[in-house]
Amino acid sequence: MKPLISNKKNLCFVLILLALGLSPLLLQMGVIQSSSFVLFLGKCICFSIAAIGLDLIWGYTGILSLGHGLYFCLGAYCMGMYLKLQATGGVITDFMKTGGLTELPLIWKPFNSFFLTVILMLAVPAVLSGILGYLIFKNRVKGVYFSIISQALTWTGYSLFIALSPYTNGNVGITEIQSLFGSIRGSANFGHFCGVFYLALVVLAGVYALSVWLTNCKFGKLLIAIRDGENRTYFSGYCVSSFKTAIYSFSAVLAALAGALYINFNGSITPSQMTISYSITMVIWVAVGGRGTILGAVVGAILINLCEYNLSSGAMVDLWQYLIGGIFCVMILFFKGGIIGLVTEQLPATFRKLKNTDRKPVRVKAKKEGVNHA
Amino acid sequence: MKVKCIIPAILAFAMCLSLISCGSGAKETTSSGGETVTVGLLHSLTGSMAISEEAVRDAEVLAINEINAAGGVNGAQIVYVEEDGASEPSTFATKAEKLIDENKVKTVFGCWTSSSRKAVKSIFEEYGNLLWYPVQYEGMESSSNIVYTGAAPNQQIVPAIEYLVNQGYTKFFLMGSDYVFPRTANEIINAQLADAGAEVVGEEYADMNQTDFSSIIAKIEASGCDVIVNTLNGTGNVSFFKQIAEKNYTAEDYMTMSFSIAEEEVTTIGADILKGHMVSWNYYETTDTAANEAFVTAYKEAYGENRVTSDPVEAAYDAVYLWKAACEVAGSFEPEDVIAAMESTEISYEAPEGTITIDGESHHCYKKVRIGVVNDGGLIDEIYATPDAVKPDPYLTSYGWAAEVQPLS
Amino acid sequence: MPDVKSEYILNIQNVSVVFDGFQALTDVKAKVRRNTIHFFIGPNGAGKSTLMDIVCGKTKPTRGNVTFYPKDRSPMRLTGMKEYQIAQSGVGRKFQTPSVFVNLTVAENMMLALKGHKSIMGCLFYKMTEEEEKNIDETLRMVDLEAFKDKKAGSLAHGQKQWLEIAMQLVQKPDLIMLDEPAAGMGKPETFKTGRILKEIKKQYSVIVIEHDMDFVKQCADVVTVLHEGKVLMEGTVDEVLEDSTVQAVYLGRGGEHNAEH
Amino acid sequence: MSEWITLIFNGLSLSSIILLTSLGLAITFGLMRVINMAHGEFLMIGAYMTYVIQELFKTYLPHSVLGLYYPCALVVSFGITFLLGCALEKAVISRLYGREIDSLLATWGISLIFQQAARSIFGTQGVNVTAPDYLSGGLTVGACTFSYNRLFIILLVLVCLVLVWLMMYRSNFGKQMNAVMQNRPMAQCMGINSRKIDCMTFGLGSALAGVAGCSLALLGSIDSTIGQNYIVQCFITVVLGGVGNLIGSVVGSGIVGGSTIFVQHYTSSMIANAVVLLIIILFLQKKPQGLFALKSRQLDE
């Protein structure tokens, strides 16, 4: 593996990581005044992890899943139930009683233990996506068919989570929970907050490194091969469906991991994160950031969410909806590589063109001034 | 080559920094002069809940403007910061936190769905801020950091069922959207009806976005019920009533008692379809008080002649005035002082629905219960009202039959 | 059948295929000898590509069997096996249109084609040995693509892609290589060179080729099977086939009009 | 007995609604291979157009002709959504041919814009369309009541089907359309203006959605999110039926509608949703190309 710093994309990532890592310190020093903003950055970290997972299957392998919200929620519900049971002392929760249950249902019993929770939080999405992926990919369902089926799957999951409200609390979901380290709000709990924040950051760094390694080894090359010529890959002797299942599972696990971290920041999880529109929102992050580069997923997730955070309030709400719709359309139409593609390929190409066509120095100057004025 | 590597890196870094600074530079709401107090409005302006929440938000803005015009609260003008919850509870949580921590609001008026309220509840508790929740709900909750200006179940559901039983209805069909309010409400109703000796002949839940109700209507037909207790929410109501009407059924064939149909819903469903059906609220546009007359006029003046007022709209409007009253008693805007004032003194306000008083213990309001019938003009006529304001009892502790449905703690 | 095993590498037994009522192949029988270049020719729509699809597992035959006799291993029935299993057991195929992985470099394309390490774990912890690297370099040299090793395969010219795909088959070290129109889109000198390469590789492997270019057929065919309308018309050496009157009739009489069927 | 008749009628009615909503998609997705996520928003536009026409009739025309607003709305919805569809095709879709997944994402962006536009124009609250007299109420036969407006939708879907079929397989335009969709360069060589055909085809698909929206206006709420309620169901129907096949869509919607009603009869709606979708997903495992897919000899797809 190439050293991290020598690669410009990895260098970018390290810088982003630094910026994120510094933010709680800056908050403590008073440079950043709003703790809720830094807390939101924590959520962005979680979103980036989910986005990396999506990018691995979409950008690299060419499988567009419109149902990653399901896995995100599975992870979040697992962690949420653990935290909830911690708070209630391991006995039946209010919503279960309201739903007519008299004792803690068997499926939630393991979530009394942290160890089991972590195992299940990763294993449940892995196994579920593994089974689904195995069936779907074995039968050579691909392209948009897969997207549509994944959409339907999410919808199924959403319906089930709502229909089984004694177990899942319907559309209210799991609420009123504290993070793994206890309450993270208020200056008294700054230590707890840092704990959760840096935990998420370390996980992000780990996931990034793992994904970069994965995409650079033979496995990653094979993913690209599958994207570009699935049949060819079969005839080269690879069992494509098992590779697809593996990467789909891995990406589901990343989504679950993101969900599990997210609930620590958010304090609640509802099935609305499982809806199709939320799942497509995740795809938007990757598309805007730049599919096919791990960095793109991270940049897209953080950028879009920050924009939304700052722009979707008050009078800006109407505008924001037009803006996000428009940005997305334009990105897909003209900047297929997203922001990363724009910065690393399209802009340099334009610069080169400018340099090559504008031989006369006078015109170059005029152009430069024009840019400055703009 | 080296330069080429560094440019994008710097660009990305700069982008991140600029966004961070963009966020951290908390928007200082500078006013032209005099003292101000900042409050937050947190409703869904986009997504599926925007249908209901926009009117509530409008009522809050109206109240704020009225108060400002009349000199403000404790001499300070109210400045409001608005956030969009986007019909997603997690967005509500994020935005609630942003309002409290970044915009430093003194209180927030907001939420509609129970899921959004529950998602923000712990945030308000942890920050010690105050949320005014304007919608009737399923009860079984009380938080020192939330004031519920809508009805608790004993101020809407329980009296309505009592009324139906007294009217001689014996076979009840419970129908609702599949979420927490209908499920809890129906549990309460089941317990209450069992106690009253009436029969529940069917219980059905529809998807929140369900558009086809033919199956449920078929089940209603098969059940032989004489009244439908309807807790559908939002668009489901429109589909249900349009589709029951197309089978030639009127209120005479199947009487319904609805808990989520107010004047606004009547206009979107159509009075021709809904006329004769019963609803239960604390307030109607037709409620006969002087305060209401002024309120209705002001609301229509501000938002158009075709807009109607409804119970949630009125409750949201009341919330702002109740907060004002509490601030004045406390002599402060700080949430803890306001909460303390509410808990120690009886805060009341001459609302359009009549005098409402905050119950310091439960943070709910004393409210009159009114059963109404939809008339030809799309408004609701009161046919029965409790003589006095009913004391809020979110946990239904004063009802013997309710032991089953009360939560654990 | 020990004699069959030593003599033949592939035995196609009475294969028929029906697509939506269209009889693409009827009762096709053919045997491919070891270390020969076996050509399948015939007008468009004769079923040549379909036959290859059946051998490499892309299409399931309606009836019939294909048996493969790899060197030093027991024979296996290819019908019913998955295409990647067939590929792993030593049948390589080059498609009619060049299908290389356009977003990977030439070297990466070759690496993916290498024999072995085709499981998930194998791919995750794969490290190329020196021997494999040498193998890749040699094969690339054979097809003149050495200089393009680090170029993206998508940037290659059409003919170069064809060669790259052939090279990918070679580096896999299969027992049987199937080439679907390897010379399509190549000029005369390039075609000739392809022929030379084929003759070179037949020393180690057995080769099946589908081709229209009769000069190319003449240059390197050992055995030619003529397919027509899904049936075997005849089989023999190049000269035998060219002299046959029915073959001439099929080719000359109905050459162009079949294009539409494709 | 009457219970079963009602059940069957409900199944038929739901199937016809699903078919009507997915007919346009069967054309844009099935023939053009464009994944139009904004399809639901064309339904919404159709529904809003019905409202607009109703209000115009109420305001400007005598009460006696009010009932005519509905046929008028059908025509106007068709026209408006057709034009909007054409415009969308020219502006966005035409750049995305051959990029199926990208078309899905870009049209998702479009759907966000449409939804917000609806909110900006009509407000967030729903609007009400009153069924004209001849479509309100129902026909009572014995113990069963068949609502006029559901009967009308069944009729409407039949008419649409016949027209689409005639147009696709019997008209010159249809032949050109099929030619372009099957082999673009060849069709261009034969002098067909493929850009125009693309535009018209997409417009037609959108226009069918507009007509469907018109009929939805009678059944339920009209607001900016109405399209989202149908979109997944539409896609599933088209995929189940087999892409590019009208009969497939008919059978697909019959299966989706019928089984939904049937399962709902025994369980609750949410469970029925989940069960039906799961069954369909499992079925698609068996036949990934849908019910009526042609066996293809092509290398990819």
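Labels A, B, C and D are assigned to the chains in the order they are written; within every chain, residues are numbered from 1.
Here, a contact is a pair of C-beta atoms (placed from the backbone, for glycine too) under 8 Å apart; a residue touches a chain by one contact, two chains touch by 3 or more.
Not measured: the values here are computed from a predicted model.
Peer 1: Name, by label, each chain that touches both members of the pair chain C and chain D.
Peer 2: A
Peer 1: May I ask which two chains are joined by the most contacting C-beta pairs?
Peer 2: A-B
Peer 1: As a quick test, compute the distance in whole Å between the mean CA positions of chain A and chain D.
Peer 2: Those two chain centres are 33 Å apart.
Peer 1: If you average the Cα atoms of chain B and of chain C to get two centres, how far apart are those centres in Å?
Peer 2: Roughly 71 Å separates the two chain centres.
Peer 1: For chain B versus chain D, what separation do you get between their C-alpha means, in angstrom?
Peer 2: The computed centroid separation for chain B versus chain D comes out at 35 Å.
Peer 1: Could you check chain D for residues that touch two or more other chains and list them?
Peer 2: 115-116, 119, 228, 268, 270, 273, 299
Peer 1: Quick check on chain A: which residues sit in contact with 2+ other chains?
Peer 2: 159, 162-163, 231, 318, 321
Peer 1: Any chance you could list the residues of chain B touching two or more other chains?
Peer 2: Those would be 45-46, 178, 207.
Peer 1: Considering only the defined contacts, which chain A positions touch chain D in the complex?
Peer 2: Against chain D, the touching part of chain A is residues 64, 135-136, 139-141, 143-145, 147-149, 151-153, 155-156, 159-160, 162-163, 230-231, 276-277, 280, 283-284, 287, 318, 321-322, 324-329, 332-333, 336.
Peer 1: Within the complex, which stretch of chain D touches chain A?
Peer 2: Residues 35, 37, 92, 95-96, 100-102, 104-106, 108-113, 115-117, 119-120, 228, 232, 235-236, 239, 268, 270-271, 273-274, 277-278, 280-281, 284-286, 288, 299-301 of chain D touch chain A in their complex.
Peer 1: Using the touch definition up top, name the residues of chain A that touch chain C in the complex.
Peer 2: Checking each residue of chain A against chain C gives 214, 217-219, 221-222, 224-225, 227-229, 231-240, 242-243, 246.
Peer 1: Across the complex, what residues on chain A touch chain B?
Peer 2: 8, 11-12, 15-16, 19, 23, 31-37, 39-41, 43, 91-92, 94-95, 97-99, 159, 162-163, 165, 169-173, 175-178, 183, 185-186, 266-270, 272-273, 278, 299, 302-303, 306-307, 309-310, 312-315, 317-318, 320-321, 340, 343-344, 348
Peer 1: Under the touch definition given earlier, write down the residues of chain B that touch chain D in their complex.
Peer 2: 45-48, 50-51, 53-55, 178, 204-207, 209-212, 214-216, 218-219, 221-222, 234-235, 237-239, 242-243, 245-248, 264, 267-270, 272
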